[in-house]
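As structure tokens, the structure follows; a few thoughts come after it.
A, B, C, D, E, F, G and H label the chains in the order they appear, each numbered from 1.
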Amino acid sequence: MNKVFSYADALIRKPFHYCPGCTHGTIHRLIAEVIDELGIRERVVGISPVGCAVFILDYLRCDMFQASHGRAPAVATGAKRCRPDLVVFTYQGDGDLAAIGTSEIVHAANRGERITVFFVNNAVYGMTGGQMAPTSVPGQRTTTTPHGRNTETDGYPVNMSEMLAALHTPAYIARVSMHAPKEIIAARHVVKKAFEHQLAGRCFSFVEFLSTCPTNWGMTPVESLRWLEKEMLPYFPLGEIKVPPADDTGGRMP
Amino acid sequence: MSRIRIMTERCKGCETCNVACPVGILKMSESLNAQGYHYSMVDDPSRCLGCRLCAISCPDLAIEVFAEGAHYRFFAYESESR
Amino acid sequence: MKGNEAIAEAAIRAGCLHFFGYPITPQSEIPEYLSRRLPELGGCYVQSESEVATSHMIYGAAGVGTKVMTSSSSPGISLMAEGISYLAGAELPVVIVNIMRAGPGLGGILPAQSDYAQTTRGMAHGDFRLIALAPASVQEAVDLTILAFDLAEKYRTPVILAGDGVIGQMMEPVVLPEATVGPPLKADDWALTGCVGRKPRKVSSMFLDPDELNAHNFKLKARFAEIARNETRFEAYACDEPLDLLVTSFGISARICRSAVDAARSEGLKVGLFRPITISPFPMDALREIIGRSQRVLDVEMNTGQMLHDVEMAAQGRCPIDFFGRCGGLIPSAEGILEQIRASLAQLPKGGVP
Amino acid sequence: MMKPTTEILLAGFGGHGMLLSGRLLAQAAMEMGSQVSWLPAYGPEMRGGTANVAVCIARDQVGSPYVECPHILVAMNAPSFDKFAPKVKPDGLIVYNEGLVPNPKQRADCTALCVNAQEVAIAAGNIRAANLVMLGVLVGATELVSDDAVIAAIESEFAAKARFIPVNVAAYRAGVAHGKDGRCAQSA
Amino acid sequence: MNKVFSYADALIRKPFHYCPGCTHGTIHRLIAEVIDELGIRERVVGISPVGCAVFILDYLRCDMFQASHGRAPAVATGAKRCRPDLVVFTYQGDGDLAAIGTSEIVHAANRGERITVFFVNNAVYGMTGGQMAPTSVPGQRTTTTPHGRNTETDGYPVNMSEMLAALHTPAYIARVSMHAPKEIIAARHVVKKAFEHQLAGRCFSFVEFLSTCPTNWGMTPVESLRWLEKEMLPYFPLGEIKVPPADDTGGRMP
Amino acid sequence: MKGNEAIAEAAIRAGCLHFFGYPITPQSEIPEYLSRRLPELGGCYVQSESEVATSHMIYGAAGVGTKVMTSSSSPGISLMAEGISYLAGAELPVVIVNIMRAGPGLGGILPAQSDYAQTTRGMAHGDFRLIALAPASVQEAVDLTILAFDLAEKYRTPVILAGDGVIGQMMEPVVLPEATVGPPLKADDWALTGCVGRKPRKVSSMFLDPDELNAHNFKLKARFAEIARNETRFEAYACDEPLDLLVTSFGISARICRSAVDAARSEGLKVGLFRPITISPFPMDALREIIGRSQRVLDVEMNTGQMLHDVEMAAQGRCPIDFFGRCGGLIPSAEGILEQIRASLAQLPKGGVP
Amino acid sequence: MSRIRIMTERCKGCETCNVACPVGILKMSESLNAQGYHYSMVDDPSRCLGCRLCAISCPDLAIEVFAEGAHYRFFAYESESR
Amino acid sequence: MMKPTTEILLAGFGGHGMLLSGRLLAQAAMEMGSQVSWLPAYGPEMRGGTANVAVCIARDQVGSPYVECPHILVAMNAPSFDKFAPKVKPDGLIVYNEGLVPNPKQRADCTALCVNAQEVAIAAGNIRAANLVMLGVLVGATELVSDDAVIAAIESEFAAKARFIPVNVAAYRAGVAHGKDGRCAQSA
């Protein structure tokens, strides 16, 4: 019999330290599979965030930076501007990208850095123990919203993909989810497209993953897949939010 | 003919594969693995479609899938070019 | 050449073709100059969205093995604190120019030396010390810029060029190195360049194992001690004989002190000048030796007394220390310092003042 | 008048171009083999406010580039005159613009030279070249640098806008003539 | 004869230090006039930025903060949360708000702080001598884009109003211009509306002013009014970009 | 009570009902606790988007006359550098808690004392120094939190509570003040509260006139000197007689040293312990006096030797100083320190070791 | 009947009012004010409409406008309530 | 066994609940008038990895809350046993879970006590109460605190989820019985 599904080469064969059911692992795998598929592992420099996914450093078989909390897009800018031949991506959580790193992501997008950003939105600060994130949904209980996120004092969840899509410069912005196999399959194609835009010299590609945090959501992994679908999708609709125009030849959009 | 292999020691017992399997042939073990988790098991291997959905959903890379000969692909996952 | 432009050109001559920065007075001529020159030379100038971002852009740039520089002024340097700590932790060679202005807070935009303590001691969280070089002339700004790149590469550490608004804004003739563009960074053994034919690498300041982090910190400490042994630089001017008064000062104020010391000596006063060039590592032993044969010390700074702490450390209570500080954008004049020299000498119990 | 270091302060309003005059002077001195420094005092505002620059010219090394008590003051307007004239060193020289310094409080221990810079500049072809007139007076009176060196500096400064060279040179020369003349001079 | 146009009381009678033709002065005046008109001078706390307009501190006759570069919305958050009875506004330039202060403005907007933000977009860093701003237009020459803003390396101008309007929370977002008297008149009404939203307890109101910087644009004041109209309007369309729903009663939007 | 929660509750008892902060290990219990309690008490908890923003939120809060606190840990404190400089320049009373962890860079999340130099000297650009208090037990964390608010108000200055991961995470019984909620800030004469019936006010750190800024900086310097005169606190444990060895240490490591000193004394060794409670202003004179009657000093820190600098300053070369540091998250054990005490004593030329 | 008053010493000579005036009665002076600027002047006061556009446009608050009796408002500027 | 300060280290995996056991112990001691400290050693991961906690109980002040060499070790699993058993002070006590410590390397100079915590917990009603079994063994063997104090601490800890109180108390009591028994004890 043939193996029809196995490890990606770009993944180091070391068990993930993530909590049971945490979809960070799935997202790592998708990225690794696409790196393999595109044959770019030796050109890739990845940038890990501060957040649970800081450990992606230890899981990918390619050159990796560890960036400070929120600043991965700035690190990516420095790396890519100096070595345009590299394929540069960041991997960031919602605290990292949508809170402390807001400036860096907005301006990397707006300058049109030729990088790819993977944004893992699990609606909570995972690593630090489950505080409210800017992407927490209304009513969501976290360790700093004991009675649920109150829109009167905390506002509504920030929708980074739409916000970045309101800028003129960036080439590709899409949102995918990890809550069901068919969404994971769709996500894989989106990851590939995002890298392909970078390889084609197009500026800034961005993929938002809706992801689970069973531990801090206080649910079983299967419950959290359901919760993601039911509670997060209404605030974070899936799909390609911005794509380069059909006649784009690789430079900026007109 | 298809079959999957669950790397029991990598399994963290999240049950994601259980709900992903379209034919419902996965279930959790009674006993614990070395990490202390109930792990996923195949209940009725003969019914496995080789659809890969369990493996695709597993966050911990604990499942490999094998298929006989020219495997019928239910959907595009990897690019065909590979 | 204007000081800021001279620093910018010196960086190019040192081989730095990549610059990331955010505008701030009084250093804006550096990015302006480089925004013109670097693209011509095939390098890049990127205007960052903030100094926070800048400090991480140079982290990315250095991490892929590039000679890189940024420049800013006091408030902007504060915003780089976290980034500088990461740079130090990950052992990345970068050059950071601080053309200091008056603080705290927004303060004013006039020249000052008010970031001495920050630069030499408490730049950010964590255990690390940096090399900091303080030029007293435009020519020295050029020389020290080039040295900064050398030291950064040699010891894999961020290096601060600690200038001030006077150095940045003044024009003086300078001699530049012949080479138009210096050599690239040697970073073959650690930079992230894509893992072709080798194992993947990491650039990181994360050490979750406390034993490893403990060892890392003591390694950094040992390296700084090595730097102190090898690279400490100072100017001892007119310090050969026993002195009635030793003037201590750094950077531009030391330059002004020199005029005052000249004037004092021409009046026959036994006055010398000690100027640390590396304000970090501080030339502690050299200063202690000279203080050992001085009756009194006058420390002159464009702040309220920051290097004073190091001077006291060197003196170990062996002689009285006076302090003369002007800050907030005020520049002490040679005349004012001379007066202060006379006042200090007048305190001496016997002799000294003719 | 040449000291080991000659300290010159050129002062005016923001738009007056005294920083440029100072730069030309420093450039010329440098070409002639002196050591020089040029240090502007800048304010936070883009326009308005006083703008002044210290130029030091020395045979060897320039000591302090910061000048509180200059040997020579070039004052374009009244605020500059009032602020800096009292600080000029005894036996110093004060060049001022009589057009904008209506009531100069003279120093008994200094030489004063005056000129109506705007008028002379208009005569030379452009009111905005008044700063060159002031520079000319200074050089004419002190011969700190040669005319050729100054004119070379003007030419390189305006290389990109060559059409401005003649009027600036003319204004400078007119200033030099006034300076040599020693008009309105009064010695201590 | 009656005076039909004169000083606002909320303005201190001190000549502006701004360059000739700089429309910062006009904007100051509009704000002062509306403060007078609403009779709120004694409840207002204003927050000045770092930028040419730092001096608004000296021109308004009300309590004023000086904030660090870009952080005025954070200062406003601190002030308003602790003293909800105050009427709090920030006044910020494009370097201040659209570059270094991106995070602070996005999150003040997204939390729905009950403050009013006046954003003066003059497409350049005025105070520091004319460097490129994130809002500089393609081709615009600045001291750090000697050959004009190059969209290939610097991206397109960031459009803050649209970007913030992509968020769910904020109540009111509008863009006005200073290039012609009729636009100034329109702007005055918008300023008033913005304050009124705050007074009605609605969250976050935001007014973007297109403004001139004759000095750093290297033009006469009149030329710069034309340049604004011709070069900036295409990238920064005027109008109300987000308004509360008609049935809004003062709280959050639904 | 857990240290972090005790600090949070102490703040409430001191009258602080407003908190702005960003999550970070190992201090997250502080915001978590306050996010629950403050709204109940009519105050507010705001989770900021970053520590940069936090430092300016407390600027706004204090500026309108509110007792306010934030807390963070090392990298977060670095991001507050610019804001802290503004707070100091504008003379705003705020309390900033730093539950230190191991650096530099991301380092690790385990306890450390690696921000001593930053806290006491070079927190940011410009001329200013802050008050910094270092507790050695949960009870002291409570007491010093309350003191921090008092000192901030009295001297109109930011005050740092410099704890560490051990203090933050450990549980001990504590006694809290009776009052459930303390008094509000007294700020009638300077806060921005709307100019009803009075002239408008400004809260600003901008001084464009250099003379004014010079005067402002020297005023701040004089105030710090006054603080040093009035508020310096320390614990001299078993220091009454002449000592063979003086152990110096601060915060939690001093607490551990105390066990080691007890053990040493029970062996009959003449060993004492000096612990600064105000690490800034540092109790220089008191330490100098005790060192004056000690044969040798052993400085113990959870870093590579930062307070060491101040100890050397106090010693003025009068006796040898040993250093024992564990960092990166390692905690020195009483046993380890005792061993080090014996080793130090063994260096003494004569006597001392029985 | 309407008229404007230009506070010459506040004027910075930007000419904004000149282009704003719908009847074109404003021009710049030959001479300089104390700040060193050519200042704005009314050429033909009798034609002034009292429309306030000059004052509304002036960035430096150098213009006041006066009108006789119940002034006809060409457009709303301040709210009527005032 | 009571010293001026008794230092106890409780160690296990992240999910084992040893931090809670330690907290209950500290709480009970505090109620009985002792001074206590409770210091967890935490890791960056939310789950997995060893988690241990140091509890000090003193009549007066607790000196160092950090314990490297405890008087008493309570080890839930093999990694904890292997890491900390060698550090226990001579004449100390080691309580370990024989279910998860298959090959204990015994110390000749310490007392050891063992129990199959999971088994006992299952018998008491819930495998997850194994941490309470361990605590019970410790208290049963040492009488450091009174059963009443521990049970009061359990009740206040689970006040919000009262249905868990009985099983935890049962597990604790079962542990105490084992502890008093001194099962599998071997003295030095």
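Following the convention adopted for this analysis, contacts are C-beta pairs under 8 Å (C-beta built on N, C-alpha and C of every residue); 3 or more make two chains touch, one makes a residue touch a chain.
Because the structure is a prediction, the values reported are computed rather than measured.
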Shortest path length from subunit A to subunit F (each step joins two touching chains)
1
Report which interface contains more C-beta contacts, comparing A-C against E-G.
A-C
Rounded to the nearest Å, the gap separating the Cα centres of subunit F and subunit H is 34
Distance-wise, how many Å sit between the C-alpha centres of subunit B and subunit C, to the nearest whole number?
60
Taking each chain's centre as the mean of its CA atoms, subunit E sits from subunit F at a distance in Å of 40
Distance in whole angstrom between the CA centres of subunit A and subunit B is 25
Subunit F touches at least 2 other chains through residues 25, 44, 46, 49-50, 52, 75, 82, 86, 90, 105-106, 108-110, 204-206, 208
Among the residues of subunit A, pick out those that touch two or more other chains and give their numbers.
19-20, 54, 66, 68, 99-100, 102-103, 106-107, 111, 127, 129, 134, 153-154
Please list all residues of subunit H that touch 2 or more other chains.
44, 48
Can you check the complex and tell me which residues of subunit F touch subunit H?
25-26, 108-110, 138, 166, 169-173, 252, 255-256, 258-260, 262, 331, 333-336
Within the complex, subunit C is touched by subunit F residues 52, 74-75, 77-79, 81-82, 85-90, 100, 102-110, 114-115, 117-128, 204-218, 220-221, 303-306, 309, 312-313, 316-317, 325-330
Looking at the complex, which residues from subunit F come into contact with subunit E?
18, 20, 44, 46, 48-50, 52-54, 56-66, 68, 82-83, 86, 90, 192-197, 200-206
Flag every residue of subunit A that touches subunit B in the complex, lowest number first.
1-7, 11, 15-16, 18-26, 29, 33, 37, 180-182, 184-185, 188-189, 192, 214, 220-222, 225
Subunit A residues within the subunit E interface of the complex:
99-103, 106-107, 110-112, 134, 151-159, 162-163, 165-169, 203, 235, 251-252
